[in-house]
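Below: one structure in structure tokens.
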Amino acid sequence: MFARLRGDFPILDERVGESPLSYLDSGATSQKPQCVIDTFTEYYAQRNAAVHRGAHTLAVRATDAFEGGRAAVAGLVGGAPEQVCWTKNATEALNIVALGIDRASHGFGGEAAKRFAIGEGDSIVVTEMEHHANLVPWQQLAASTGASLRWLPVTEAGELDLSELDSIVDETTKVLAFTHVSNVLGTVNPVDTLVARARAVGSAVVLDACQSVPHMPVDFVDLDVDFAAFSAHKALGPTGLGVLWGKPELLDALPPVLTGGSMITTVTMENTEFMPAPQRFEAGTQPVAEVAAFATAVGYLVEVGLENVYAHERELAEVLLDGIAEIPGIRVLGSAEQRIGTVAFDVEGVHAHDVGQYLDSQGVAVRVGHHCAQPLHRRFGVTASTRASTYLYNNVEDCQRFLAALAEVRPFFGVGEQAS
Amino acid sequence: MFARLRGDFPILDERVGESPLSYLDSGATSQKPQCVIDTFTEYYAQRNAAVHRGAHTLAVRATDAFEGGRAAVAGLVGGAPEQVCWTKNATEALNIVALGIDRASHGFGGEAAKRFAIGEGDSIVVTEMEHHANLVPWQQLAASTGASLRWLPVTEAGELDLSELDSIVDETTKVLAFTHVSNVLGTVNPVDTLVARARAVGSAVVLDACQSVPHMPVDFVDLDVDFAAFSAHKALGPTGLGVLWGKPELLDALPPVLTGGSMITTVTMENTEFMPAPQRFEAGTQPVAEVAAFATAVGYLVEVGLENVYAHERELAEVLLDGIAEIPGIRVLGSAEQRIGTVAFDVEGVHAHDVGQYLDSQGVAVRVGHHCAQPLHRRFGVTASTRASTYLYNNVEDCQRFLAALAEVRPFFGVGEQAS
Amino acid sequence: MSTQMQQLYQQVILDHSRSRIGNSALLGENAAGPHGYSHQVNPTCGDEIELETELLEDGRIAVRWSGDGCSISMASASVLSELADDSTIEGMLKIEGQFHELMHSRGTMEADEEVLGDAAAFTGVSKFPARIKCALLSWVAFKDALNQAQTAREEKRHA
Amino acid sequence: MSTQMQQLYQQVILDHSRSRIGNSALLGENAAGPHGYSHQVNPTCGDEIELETELLEDGRIAVRWSGDGCSISMASASVLSELADDSTIEGMLKIEGQFHELMHSRGTMEADEEVLGDAAAFTGVSKFPARIKCALLSWVAFKDALNQAQTAREEKRHA
């Protein structure tokens, strides 16, 4: 199956200079199958209109596409369609929660929002492996409310260090925000343990599902999280679209951050009443074509089967890890058992930028830098790393081309045994 | 020229039931020429990657498309590329300003942001003809800071009533936010007069340019506004993309609202430093394909020439207004001389929803409801109106089909002379 | 004229939208029996309805409403009031259930005229997704107001 | 091996990236002459440089820096320091101007080796937009630090 579906992704036929392309940067953004691309053409040529507004026929077609996307996503991650709020990306979704709590803490949202209010003496807990998108908004919330920010450290193996869990997440904790899967290490975190502790102390749970939803079966209802966020573009979908998922009673109580058209019931010059979720978080014209395209992507993923995607990527991860182990002077960051097909590493004596440049000259696309996780890199004593990340369209040949190129990096830069 | 370019818009060949389509709802969202649709295909099949991050070749191609879009927009509306910040829609852009001022007023953004801080005794001024997107965020800012919200009223002719301008915009005024063109009445407001008054009292000026940028030549530098906002989807571009334009020194000083990846310089667990504009407002993965498509749209608009678009729509507006005047029982809202091709009206005895439904049955797509401007409708004594809005692809035939259908509305519902 | 339009705007609907049954002043606290009140807004167009239910001695319900909206929403409120005049609480709940289902059927359901009476004329509306909210506005208000009236009666009994 | 790669990673660059000229402890307030300091970060990768300029009696500039980054950014800082050793302030500003222009030329400009010396080896970098920032990092820091040093000298004179 996986050999066949590679043909659905036109960009994989591109050439980089003289080399074919091996795209190992899906952790940053995924490529799109032809059917997703075609949805844009179909949408703009046949159904484009403002949704939820016009009585006219195009508006009805557009609204169907838009609401159909909600149902598709709910089918993928659990819950009802109304639990799916559209955002521009996962970052906005996480900010909507953090800033909504900020506004609740400053008296917005009335009686219903009081459950979210935090202040001095309260704590917010994150982890040391968070993407900046799930760290900076919480820092800002702490600064704005006087709550303290705490974090769970990361072990040398690249797993969460839970030895102090009970003292870090304690009775003062009002929000526990963590990533399901590390975008650098590929580690899958133990959601159950963390949710159980949060429930024990009455804390809300916010899950960053950016790197899990595209790569493995995920059900937010089963996981019993309160809010979750992910991006369409990492899951075969388009840029410009993210998802905020939440428990219904929490979504309806959280004060909106962005306000304007299509999210109100009554507006006078002095005062405004907001709609319930999902509309209350969807101010202004929404990314409708993007929703239509993402619905196609979700259909594609469901047809392939997320458990198959996960198994496929695990195989590729083994090829990568075994191959890297045989190349001298490479240190892989983390060694967690529970992982997806994402591998970050440091090349002794060669900066990640130079590693990436060399790999690119061989047609191998990887990501270099801090991957929006500076604290995690600091934890491992580096400022930058090189990351290879796989997806359902990658094959063993991609991994082998990557490994062959990687073996040449230190010799090219005159570092290590071969050069001495 | 205009007859020819109609063929560039594939959706205009769609049929609604048995009728051809006359799309007169461009005020809500515009249709897209084939070249814009093709840009999606081209982008996702040849250059899709995360921007500003990878060293690899696709990432360079994607970054070129992304930054090229900024340059194209700056070419259209004036200023340097760095003055163009991408948002999800115009609503987000306006919120970024209002919420940025909110954060500055609560101590965020350090010394540089103090220029934005407002509080009790200060005033924010809007107008009675604002779209909810340029009203509700200012209500929220007033509630959050203790500043008062004032507004310029609207005359029976649908123009701003400036008789009390000097007392409404006074020394206490810190923000004057108004729309360039009314999305309901089509009225073009006198930016010069308003900016002059704002400058006299030292107030910042925020321009809602949603209905001007797509329909007429606009240069924000010439207009001397501080911030401006508009959406791509109303200007032949895709959904999911808006623009916040600002003066450089103001953008760099305004605290960001959405925080996360790609907008930071240094992040520790405790603290974060933000980049200057435009990146400081572009947290997370951006709508890159949308930017590429909008660059194509801007190129198309520039080639047609905005002064030609304006003249073309003015002609259509005359056809609409003259034709409506001959149909009994129709009251047009407003009668401003300075206007674009947007006409809203009330049909005596028939609710706007029913009007729109009847027009749709004849293939004429208009918008019905309050058009996200409830206070303006209240001002004219109605809760809803019907709006016909033109764009460069409309022709006189569209207007005539609209007028013919409109003449049938009251008879169909058994109202008025014909029925009595 | 398309037949879809004729299906949507049945003569029954146009008639009800003009001479509106139940469209009368609300009594509020002056109502004799246990009563409830609901205010519903259609956020797309600003249409609104205020609707009051009062539980009468004989197990029936009086409905009074006032509102501003399109022919579909006004006719729907009028038909609702007419039906309430002739029904018990249980009967109205049954009608409400069937009407709700009919509206979400996208034209695939056959209306049971025995149960729905004039409300069967709204079958065509279900093919116009943008108008379903119009047809349901008064019914949502009715269900809400009825609930409150029943709660009020319970409270009175236990007081 | 693609020739683009060889153009990018000239031997001069690889050499400078390994034996780095000017990479030495900063003196801060202990510097004898008027001095300036700048800290620059490349937000994409976290690469950083701290760079110090000191104006010497003879109209020349001493440059000291410490940093962590890719071969391009480290080599660039090293070449900058080497050039500073042999130049006047005016000379360095001229080099800086030309280098800046070269980096933004996308490979269309011919480097003037007379002026640029070893810095001409960075011509290939201009074809790699993602790497231009790396090459310019130390030069941005230099310009900033030089500015400060000149301001400090002015202040001293007028004090």
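A, B, C and D label the chains in the order they appear, each numbered from 1.
We take it that a contact is a pair of C-beta atoms (placed from the backbone, for glycine too) under 8 Å apart; a residue touches a chain by one contact, two chains touch by 3 or more.
Owing to the predicted nature of the structure, the values given are computational and were not obtained by experimental measurement.
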Far-end chain from chain B, centres as C-alpha averages: D
Between A-C and A-D, the pair with more C-beta contacts: A-D
Centroid spacing, where centroids are CA-atom means, of chain A and chain B in whole angstrom: 30
Gap in Å, rounded to a whole number, between the CA centres of chain D and chain C: 77
Centre-of-Cα separation between chain D and chain A, whole angstrom: 38
Interchain centroid distance [CA atoms averaged], chain A/chain C, Å: 45
Shared-contact residues (touching 2 or more other chains) in chain B: 17, 53-55, 59, 262, 264, 266, 353, 357, 368-369, 374
Multi-partner residues of chain C (at least 2 other chains): 44, 46, 128, 131
Contact set on chain A toward chain D in their complex: 17-18, 350-354, 357-358, 361, 368-370, 374, 377, 383-384, 412-414
Partner chain B, residues of chain D touching it in the complex: 41, 43-44, 46, 128-131
Touching residues on chain B, where the partner in the complex is chain A: 10-11, 14, 16-17, 21, 23, 25, 28-29, 31-32, 36-37, 40-41, 44-46, 48-50, 53-59, 87-92, 94-95, 99, 106, 108, 128, 131-137, 139-140, 143-144, 149, 151, 231, 233, 238-242, 257-262, 264, 266-272, 283-290, 353, 356-357, 359-360, 364-369, 372, 374-375, 378
Residue ranges of chain D touching chain A (in the complex, touch as defined): 1-2, 4-5, 8-9, 14, 18, 44-48, 68-72, 74, 128, 131, 134
Sites on chain A touched by chain C in the complex: 52-55, 59-60, 63-64, 262, 264-266, 275, 279
